Amino acid sequence: MALVVLAFDLLLAAALIWLAWQATRAADLFHAVVSFIVFGLLMALAWVRLEAPDVALAEAAIGAGATGALLLSALDRLARRPRRHAPLYEPGTAWGFWLPAGSALLAMLTLAAWNLPAPGLGNEILASLSASGVEHAVTAVLLNFRALDTLLEIGVLLLAAVVIWALGQAPPPLVPSMPSPALPALGRLLFPIFVLVAAYLLWRGSHGPGGAFPAGAVFGAGGILMLLAGARPWIRSSEHGPWRLILSLGMAVLLAAGVAGTLSGQDFFQYPKGTAASFILVLEVAAGLSIALLIFALYLRGKPREHGSWGAAE
Amino acid sequence: MSLGPVGPAILFALPLAAAIVVFVRPRWSVPVALAAGAVQFAVALALLGVVLEQGAWRQSIGGWSAPLGIGWRLDGLAAALLLMTAAVGLAGAVFHASRPPPPAVVPDPRFFWPLWLFLWGGLNALFLAADLFNVYVALEFVSIASVGLIGLAGGAAQAAALRYLLATLLGSTIYLLGVALLYGRYAALDFALLAERVEPGLVPAIAAALMTLGLLLKAAIFPLHFWLPAAHGRALPAVSAVLSAVVIAAAYYLLVRLWFGPLAPLLGTGVATLLGLLGAAAVMWGGLLALLQRHLKMLIAYSTMSQFGYGLLVFPLAAAGAVEQAWTGALVLVLAHGLAKAALFLAAGAIVLRHGGGRLDALGGDQAGVLIAWVAFAIASASLVGLPPSGGFLGKWWLAQAALATGGYLWLAVLMAGTALTSAYLWRALQAALRAGGETAAEAPALSPALGLCALLLALGAAALGLAAPMLARLLDAVPGGPG
Amino acid sequence: MSALEWIGSLLVFAGIPFIFLGTLGLLRFPDVYTRLHALAKSDNVGLGLVCIGLGVQSGSVALLLKLVLIWVLMLIASATAAGLIARTALARGLRPWGT
Amino acid sequence: MTELYPVVALLLLLNIVVGLVRILRGPTAADRMLAAEMFGTSAVVIVLLMAFVTDNPSLVDVALVFALLAALASVTFVSRAWSAMPPSDPDPPCPDVERKP
Amino acid sequence: MYLSLTGVLFVLGLHGLFTARNLLRQLLSLNILTTSVFLLFVVLARLAEPLDDVPHAIVLTGIVITISTTAVALALVGRLAGRTRDDDAITAGDPRGDAE
C-alpha cells in the first residue's frame, strides 16, 4: 500500500509540474489560465495529502474558486484585442542560462530543505490551546496567538478593495452572446446553498477546519455567481449607504478588539480572562461578512456605480 | 497607564482606524487625517523620549510570548524611524491638502486619504514588528498601499505601479522562502529568539541570502533598482516623498535589523564586502544616471537609488570592527536622507505646479510664489551633499571616521566620489532656477505658501539633525545586537 | 465487515468505471458537443454511485445527506454548464460533427 | 474493501493526468474548460475517498466546497471569457486540428 | 518528495516570471512561485512531530494576501490594456521616459 501512496504522490507532483509549465509557457493565454486553475485544483489535493485540510479548504474556496473567476473574467478585456505577432518571451533568455542556473538553485534549495529538522511548535500549541477559547488549533493561531497577522491580513483585503476603487470605475460587464434561460434559475437555486454552506463553515471554525476565511470566500463566490447569472451588482460605492461600513467592518472590529486589550491595561489583543471564546465568535462573524463582500468587490475590478442601475443600455 | 506600552498601540491602531473612518466618510478626510497625523507626531516624539530615558523594550501581543505569540519591539532605531515617518507623513498630508486640486485624471481624488493613512499604519506596523512573518504581512500591506498611491496619478504612473507591484511581490516571495527555511530549522519567527538560536550553517546561510535578496529588491539597491525611478518619478509629489523617504528606508531598516539581529552570526567579511560593493555601485551608478536626467523629479528619484548605497556601507565597516561609528553614521544618514528627500520631492512638487512641467530647461525665469520651495530645495540639497552642520554631514563624518579607523580606503573613496556626484546633479537642478526665460503654467494656479513651508520645515529638520549629534548617538546606542 | 459496508463498497466500485468512460469520451469523441454528452452522462452517474456508496458505507445519515448534497451540486453545475457551453458554441458558429 | 480505495484514488489521478491531453490539445477553449470540469469531478471523488481512508470527515467539507464552486468556473468562462474572444479566432470548424502556436 | 517539488515549482515560477513578456503570464508565474513557498511551509508542518499548525495558519494568511495582490494586479492590467493597444507593449515600455 505504501507503494500505491508513493505512486500517487509522484503522479501528483508530475502533474503539478506539467501544469505549472503549461501555465507559464502555453502559447494561448486561455490555455495558460485553465492550466493555472487546474493547478490550483490539484494543489488542493496535495494539501489534503499533506494533512492540511484547512489549507485545502481555503485553496478550494479562494485559490481555485475565486481566483479562477477573477482570472477568467480578466480575460474578457485581454482576449478581445487582436493578437500581435511578437515573440511571447524575452529573447536571449536561452536554455544556456536557465538550465544551469535553475539546476543550481534547485540543488541548493533541495539540499537546504533536506537539512531541516522541522521541530515545529506543535507542543507549544497543545499546551496553550485550552486557554485560547477554541478547540481548533488553526483558528486559535489565527485569532488568538497571531491575531495581529490576521488583522493586517484583513487589512490587506480591504486595502486591495480601496486601491481597486481608487483606480477607477468598474468595467461594465459584457453581455453574453447568447443569454441562457438556465442561468438565472441556476443563480436562484444555488445562492441559498452558498449561504448555507458559508454559515456551516463559519460555525465549524471553532472546532474544525473552517472559519471566517473559507466561509467568506464561499459567500463571496455565491455573490459572483449571482452577478454572472444576470443579477445587478448590489454593492454601491456611495458614501451614504452601508456598503463602505460593511466592507471595513471586519478590520474595524478586529482593531477594536486589539485596542480593547490595551485600554483595559493589558497587552494589545489580549482578551479578558475567560472571554476569548465569545470574542473570537464575534470576530469570526464580522470578519466573515466583510471578507465575503471584499472578495465580491475585488471581483468587480473597479469602483461600482454610486447609484442606479448597471443595465446593458449604459 | 504610562506611555511606554500604550504608545506603540496608538501608533499602530490610530492610522488604520483613521483610514477606515476616512474611507467610510470621505467628506471628513482632511480634518481626520491631519488630526490623526498630529497626534501620531506627538506620540512618536514622546516615545522617543521614553526610549532615551529607559532604553529599548519588547512587548508581547495578546498575552502570548514567543515562540507562539508575536511581539513588538521598540528601540532607538525604531523610535527614530517612527518619528521620521510621522514627520514626513504629516508634512505630506499638509502639502496634499493645500495643493490646488489636480486635473481630473482620477474619478475621485479623495481616495488619496484612506490610502495615505493605510500606508502610514502599515509603515508603523513594520517598524514595530519583531516577528519574521508579521514583517511579511506588513510589507505586503505597505506594497499594496504604495501601488494604489502611485496609481492615483493616472496615465503612465499606472504602468509604473504595475511594474513596482510585480517587483515588490517577487521580493516578498523570495523573502518568505527564507523565512520558511529559518522556521523549519529553528521553529521560531521572533527576532530575539532567533538571535539566540541561529548559528552558522548551510540552511541559515541560504535563508539569509534569500531574505537579503528579497529585501534588496524592495530597497531598489543596484542592480535591482529597475523599478524605482519610474514609480517614484511619476507619482504625486506627496506620494513620491513618502515612498522615497520612508518606504525604501523600511526595506533598508529590515536589512539592518536582520543582519545585526538574528543573522548576526553569519555576517562575515565576505558577505559584508559584497553588500558594501553593491552599495558602492549603487552610489556611483545612481549618481551618474541622476546627472543625466532632464526632468526634475526623475533626477530626485535616481538620487534616492544613489543615496541608499551609502547605507550599505555599514556592513563592511561594521564587519571590519568600527561597529559603533559605522552603525550610527549609516543610520543618521538614512534619517537625514529621509527628511531631505521628502523636502526635495515636496519642493519639486510645488515647483512643477508653478511651471506646469518639470523639465529642467523650463524651470528658470520668474520664481514668484515658489521662492520658499527653492530655498527648501537648496537647504535639503546642502544636507544631501553633506555640508556642516546638516545631518548628512554628521552621517558622512561618522562613516568616514569608521573607514579611516579600519583602513577601508575604498569606502572612503566611495564617500568622496558620491559626494562629488551628489553636488553635481543637485547643482544642475539649482542652476536651472537661476536661468532666465523659463515657462510658467498656462493658467498658473495660485499656490498656497503652505506648500513651500512643508518642504522648508522638513529641510530644516534634515539640516538641524546635525546639531542633535549627542542625542542621536545615545539613541542609536540603545540598539541591542548592534554595537556593544 | 457488515453488509452495509459491502453494499457501499460495491456501489463505489461500480461508479468508478463511469468516470473513466467520461475521460475516454473526452479524449476520443470528435467535437465539443459529443464530448459534452459523454462527460455529463458518465460523470454524474459515476459520482452519484460513489457518493451513495460512501454514504451507505459510513452508516451515518448526516454524512449521507452531505454526500448527496455534493452529488446534487455537481449535477446542477454540470447540467447548466453543459447547456451553456452548447448554446454558446452554437451561437459562435461551431458546427456539430457530421453536419 | 476500504483498503483498495488508495488504488482507486491513484487510478482516478491517472485519469486526470490522461485528461490533461485535452487541455494541451484543445482545440477550442470550450474543450479545455470541459476537461477542467471533468477534473473537478475526479478531484471530488479523490477527496471523498481520502476522507474515508484517513477517517477524517472534515475532508468531506473540502469536497463540498469543490462541488459548490464547480459551477462558478464554467459559468464565468462562458459568460465572460469566451463571449469576449473574437469569434474568428481559434474555434476551427473541424475538430482536433492542432492550433498554430 | 514534496520538498523537491517545492524547488522545481520555485524555479519554474522564477523562469516564467523573467521570460514572459505578457503581464498576465508574469502574474501566473508569480502565483506559482508563491504557491511553492506555501508548499514548503506545509511540508514543514507535516514533518514536525506532533503536527504543527502554525504554518497552516501562515499559509492561510498568505493565500488571502495572494488573492488581494492578484486582484490589484488584474485591475491594473485591465486599465492598462484598455489604454494601450497591446498588453505586450506595457512591459516593453521605456522606464526612463519623462514624467507627466
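List of remarks:
Every chain is named by a letter (A, B, C, D and E) in the order it is written, and numbering of its residues begins at 1.
As a working rule, contacts are C-beta pairs under 8 Å (C-beta built on N, C-alpha and C of every residue); 3 or more make two chains touch, one makes a residue touch a chain.
In this text, all values refer to a predicted model and were calculated from it rather than measured experimentally.
The minimal number of chain-to-chain contact steps leading from subunit A to subunit E is 1. Chains making contact with subunit A as well as with subunit C: D. Centroid distances from subunit C, each centroid being the mean of CA atoms, peak for B. The interface with the largest number of contacting C-beta pairs joins chains A-E.
If you average the CA atoms of subunit A and of subunit B, the two centres end up 31 Å from each other.
Centre-to-centre separation of subunit A and subunit D, using mean CA positions: 20 Å. Between the CA-based centres of subunit C and subunit D the separation comes to 12 Å, rounded to the whole angstrom.
Counting partners per residue, subunit C has 69, 73, 76, 80, 84, 88, 92 as the residues that reach two or more other chains. Those residues of subunit A in touch with two or more other chains are numbered 33, 77, 109, 113, 116, 118-121, 125, 141, 145-146, 149, 153, 156, 159-160, 163, 167-168, 176-177, 183, 186, 190, 193. In subunit D, the residues that touch at least two other chains are 33, 35, 40, 64, 68, 71, 75, 78-79, 83. Every pair of chains meeting the contact definition is listed here: A-B, A-C, A-D, A-E, B-E, C-D. Those residues of subunit B that touch subunit A in the shared complex are 1, 5-6, 8-9, 12-13, 16-17, 20, 23-27, 59-64, 67-70, 72, 106-108, 111-112, 114-115, 118, 121-122, 125, 133-134, 137-138, 140-141, 144-145, 147-148, 151-152, 158, 181, 184-187, 201-203, 206-207. Residues of subunit D that touch subunit C in their complex: 1-2, 4-5, 8, 11-12, 15, 18-19, 21-22, 28, 30-31, 33-35, 37-38, 40-42, 44-45, 48-49, 52, 57, 60, 63-64, 67-68, 70-71, 74-75, 78-79, 82-83, 87, 91, 93, 95-96. For subunit D in complex with subunit A, the touching residues are 3, 6-7, 9-10, 13-14, 16-17, 20, 23-24, 26, 29, 32-33, 35-36, 39-40, 43, 46-47, 50, 56, 58-59, 61-62, 64-66, 68-69, 71-73, 75-81, 83-86, 89-90, 99, 101. Note for the complex: subunit C touches subunit D at residues 1, 5-6, 9, 12-13, 15-16, 19-20, 22-23, 26-27, 30-32, 35-36, 39, 43, 46-47, 50-51, 54, 57-58, 63, 66-67, 69-71, 73-74, 76-78, 80-81, 84-85, 88-89, 92-95, 97. By the touch criterion given at the top, residues 6, 9-10, 13, 16-17, 20-21, 23-25, 29, 32-33, 36, 39, 43, 46-47, 50-52, 54-55, 58-59, 62-63, 66-67, 70-71, 74, 77-78, 81, 84, 86-90, 93, 98, 102, 105-106, 109-110, 113-114, 116, 118-123, 125-126, 137-138, 140-142, 145-146, 149-150, 153-154, 156-157, 159-160, 163-164, 167-168, 171, 213, 291, 295, 298-299, 301-302 of subunit A touch subunit E in their complex.
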